[in-house]
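Letters A, B, C, D, E, F, G and H name the chains as they come in the text, with residue numbers starting at 1 for each one.
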Amino acid sequence: MAYTIYLSGEIHSTWREQIKHGILENQLDIEVLSPITDHDSSDNIGSQILGPEQNDFWKDHKSAKINSLRTNSYLGRSDIVIIKFGDKYKQWNAAFDAGIAAGLGIPTIVMHSPDLTHALKEIDAAALAVTETPEQVIEILKYISQT
Amino acid sequence: MAYTIYLSGEIHSTWREQIKHGILENQLDIEVLSPITDHDSSDNIGSQILGPEQNDFWKDHKSAKINSLRTNSYLGRSDIVIIKFGDKYKQWNAAFDAGIAAGLGIPTIVMHSPDLTHALKEIDAAALAVTETPEQVIEILKYISQT
Amino acid sequence: MAYTIYLSGEIHSTWREQIKHGILENQLDIEVLSPITDHDSSDNIGSQILGPEQNDFWKDHKSAKINSLRTNSYLGRSDIVIIKFGDKYKQWNAAFDAGIAAGLGIPTIVMHSPDLTHALKEIDAAALAVTETPEQVIEILKYISQT
Amino acid sequence: MAYTIYLSGEIHSTWREQIKHGILENQLDIEVLSPITDHDSSDNIGSQILGPEQNDFWKDHKSAKINSLRTNSYLGRSDIVIIKFGDKYKQWNAAFDAGIAAGLGIPTIVMHSPDLTHALKEIDAAALAVTETPEQVIEILKYISQT
Amino acid sequence: MAYTIYLSGEIHSTWREQIKHGILENQLDIEVLSPITDHDSSDNIGSQILGPEQNDFWKDHKSAKINSLRTNSYLGRSDIVIIKFGDKYKQWNAAFDAGIAAGLGIPTIVMHSPDLTHALKEIDAAALAVTETPEQVIEILKYISQT
Amino acid sequence: MAYTIYLSGEIHSTWREQIKHGILENQLDIEVLSPITDHDSSDNIGSQILGPEQNDFWKDHKSAKINSLRTNSYLGRSDIVIIKFGDKYKQWNAAFDAGIAAGLGIPTIVMHSPDLTHALKEIDAAALAVTETPEQVIEILKYISQT
Amino acid sequence: MAYTIYLSGEIHSTWREQIKHGILENQLDIEVLSPITDHDSSDNIGSQILGPEQNDFWKDHKSAKINSLRTNSYLGRSDIVIIKFGDKYKQWNAAFDAGIAAGLGIPTIVMHSPDLTHALKEIDAAALAVTETPEQVIEILKYISQT
Amino acid sequence: MAYTIYLSGEIHSTWREQIKHGILENQLDIEVLSPITDHDSSDNIGSQILGPEQNDFWKDHKSAKINSLRTNSYLGRSDIVIIKFGDKYKQWNAAFDAGIAAGLGIPTIVMHSPDLTHALKEIDAAALAVTETPEQVIEILKYISQT
């Protein structure tokens, strides 16, 4: 593969599908990795496999660790990490992933609407491209994939 | 110094001063590093030194990069990164710092109120201690500093 | 392969076969690596190839080093190291492997019965999942392998 | 300092004090780091600072993580890690520390009685010296500290 | 592939094509990676995808960063970086690439006419071969590719 | 020291002295490292110590390598590398140093006049600040050195 | 491939062919890499491609660097480096390769006759196996390749 | 200290003393590290501390490992490794040290008489200076230590 990319962040819109579709449509030589995006599944996987917890902190703890088996492994083998911030929720895990990428020296492309610019300035400043739409990401991937 | 610690995150309460006070009071052999916590100064430093920008994105960009000269250097030389999440604002830069620490393999202590547990589960799961108060952080620092 | 896993630890039960079977049955895209699990062979390989030793220390030494040619190479190329602690024997080599994984920054899944919890607390604390049965490990591998 | 050493393992004999005494007596330019060796304190520190747990697994978990803030930081900055295995208990954390040192590329000196040779063969094989007494460790430290 | 090579530097002659032709002709097992060598395209890609900028500094900035998504990824996965300096232009990006390779510990082959020797002495001194023509590079690649 | 900085690049103006003066004047806790800036000395040191060469290539080669004993050691231990590009000469070694810093993950501040913007776009894009004057550099150093 | 091995050292006997034959015969899943073993070719390649030198030092210099393009690349991607010391010549490059492997953390197998034991004690001490014959190396490779 | 240097290799002449004297005389800010240069002591230290061995191989083995506790630690913390090859003996440990330095990315200065040029060509090619006398080394150290 020319590039392996990891799609981190927002799970309530179809941006991952759009990027995958753009890659297919343009026949780009790019492998796409993603976290588990089923919200309930990713919240409950710890209790479900390893047994219930009375304390919600440990319930979250066990699930988050199992999810990180996948996310950290996938993120760490990527050439580029693409992170989308949406309008809702705290999305601290998206910012956390951006930081892990920075700590590992893996370049990032960030996607968010312009009204989040000030709140995301540190993350944007560390990124190699700040985009607003999946179309822009696809254009970048097309450009850097030219042979 | 026995330890160098970096205090990342919330800038609207006195938690940094409390931890510094606890370190002094207990005569702990700990060096404390912090970002610039003056909000206006850290927002405007780019334009102020390097010239104004018409576009707020680039204004933020220049400031964020100058701030990262300090924050990344300080964070990267720390033995432990302590990150506080407050009640207000997005605080994506705090989560970003937690991620950088994780990517660099530097252990973290997180501080936040229990109602943020679910939103911070990935960051908590990667931390070596999840605390609620500066007093707890001081107790940990006292414990690990015993001679 | 989506993941490469290394199965370290106990050699007196069929847990490795159960995990391999689960991977096959569920058609998971996972490569499985293991140490030599024939006890006599791994104990005697040094003397057998390189000549006998009068002193048992050096006999063990030569065998352990030849085994580490395989174990360290396999462990070091894995995405996840799974370590089982059984009821018998010291099993220091299992704990040693868990430490090597930690030192290399490779995530671990630990498997042991609940009565070993206190003795294994440092190793459990560094793991991303603490399991009791091969079935739980297979469930985790299924979950993180979803496409 | 010429060397920084970390003393890992057994906490039920006076071997650490003997080594420290030997260093002082011979005026060696060596900094000595150690874990918290008070057993009760290290077992309970998690609950004590961060609150009680109903489940012993999490009680151990919280304590082990706080202890690792110290042990991993100290171990990671050492030039040599010295690990003693005693006659009693599982001592998996000693073997775990030996593994972390191996994973980080930090050389080790192991100390144990000859009857543990076979069980410790992997750890001995990775060590640069296998000793039986604190006196031998002191002799090594004297030898490598000559000016 | 026996080797992956990255061809950095001058874009106004056919040296890349000559090297690729030599590799094909000699059936060498070498993968060739290159930057985007269309000058206008690489200058304008930032504005084109991410929107126009009034200030040329930011226009250049956005383009340079998108280009670095490709160049740094390709350079970083290469076994050998080959850098050609031509007669015209500043070509600081070629020298910058040579430095990145040096910083990453990737060996370089430099190509330039003898009259640039003094100005390029630091870069030549860090290279494993200093050549003048694509034919020489092909000869080296043939030599090191022998089976 | 709060920071160690390395001053790379142009040797025909007094910018290094101005920065050192600003650091002294403002009592900043910053260690300043520099290459040998005596042009003749740095050109001839190889032949002078190690014997003459008939071929200028090898004369340059020997000098460049001796200089790199200092420059790479100093650059590699710096927290920030500051690189000035002047109006004259190729200055490929300045761009080379910027690349080494990038390859090592050390942040850079670049200084040059605006007319070099297009030619330096890759180097500027990788920098955390692009300045025009020593005064601006001093302001940045003052800002990030606040206690 | 299960393993990639690099065969360094002596070029005046058929040990490489014997190991390759043993790998083929036993159908081991092992990739074998070697330096150029044609003595004249490896001595003259620098002058031959890059032009003659009056001074033998530079003639050797240019050849050695071109050879290192292959040897360091091959050695660096190996799982195990096997180094044979023969009876004749200084063979400093074999010891140099053993050191590079040690510096990179790649395990080694050494092969030499017993009368060289004292002179090679540092290199033997860092190896995971010290052998005398290609047959022993093949036995080790067979052992660690079991499925 | 401006630099830390490690003096490896030949132990039968006074070259280390000459370099130390030159550093003192010129008041250079350089820390000098060396191996144990007492031949008998370094050969017998293993048996002496850890007990006798019937087999000379293991006697050498134990001594070599104890010596490496010092040499690898000192070499690894050096900015520059200086290696002298003499006329007598195999001196494979000197070549081994040169390789370790290369593997760790630490620059080297080599010292030897011209008649060893061909045999040492790989080691010379990786060095930043090839000298013949301690005086030349001192001149280099003076040059790179200028303030």
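Just so it is clear, a residue touches a chain if its C-beta (ideal position, glycine included) is under 8 Å from a C-beta of that chain, and two chains touch if they have at least 3 such contacts.
Nothing here was measured: the structure is a model prediction, and the numbers come from that model.
Student: Would the interface of subunit A with subunit E count as same or different, where same needs over half of all numbers used to appear in both copies?
Tutor: Result for this pair: different.
Student: Using CA atoms for the superposition, what rotation angle relates subunit E to subunit F, in steps of 5 degrees?
Tutor: 180
Student: Taking each chain's centre as the mean of its CA atoms, which one is most distant from subunit D?
Tutor: Centroid comparison gives E as the farthest chain from subunit D.
Student: Compute the centre of every chain as the mean of its C-alpha atoms, then state which one is farthest from the centre of subunit C.
Tutor: So the farthest one, by centre of C-alpha atoms, is F.
Student: Can you give the whole-Å distance between the Cα centres of subunit D and subunit G?
Tutor: That pair's centroid distance is 37 Å.
Student: With chain centres taken as the means of their Cα atoms, state the distance from subunit A to subunit D in Å.
Tutor: Centre separation, subunit A to subunit D: 40 Å.
Student: What whole-number Å value describes the gap between the mean CA coordinates of subunit B and subunit H?
Tutor: Once rounded, the distance between the two centres reads 44 Å.
Student: Going by the touch rule set out above, which residues of subunit H reach two or more other chains?
Tutor: Within subunit H, residues 65, 67-68, 130 contact more than one other chain.
Student: Which subunit B residues qualify as touching subunit D in the complex?
Tutor: 3, 79-80, 107, 109, 128-131, 136, 139-140, 143-144, 146
Student: What part of subunit A is in contact with subunit C in the complex they form?
Tutor: Listed in rising order, the residues are 36, 41, 45, 48-50, 62, 65-70, 72-73.
Student: Please output the residues of subunit H touching subunit G within their complex, sorted ascending.
Tutor: The touching residues are 56-57, 60-61, 63-65, 67-68, 85, 89-93, 95-104, 114, 116-126, 130.
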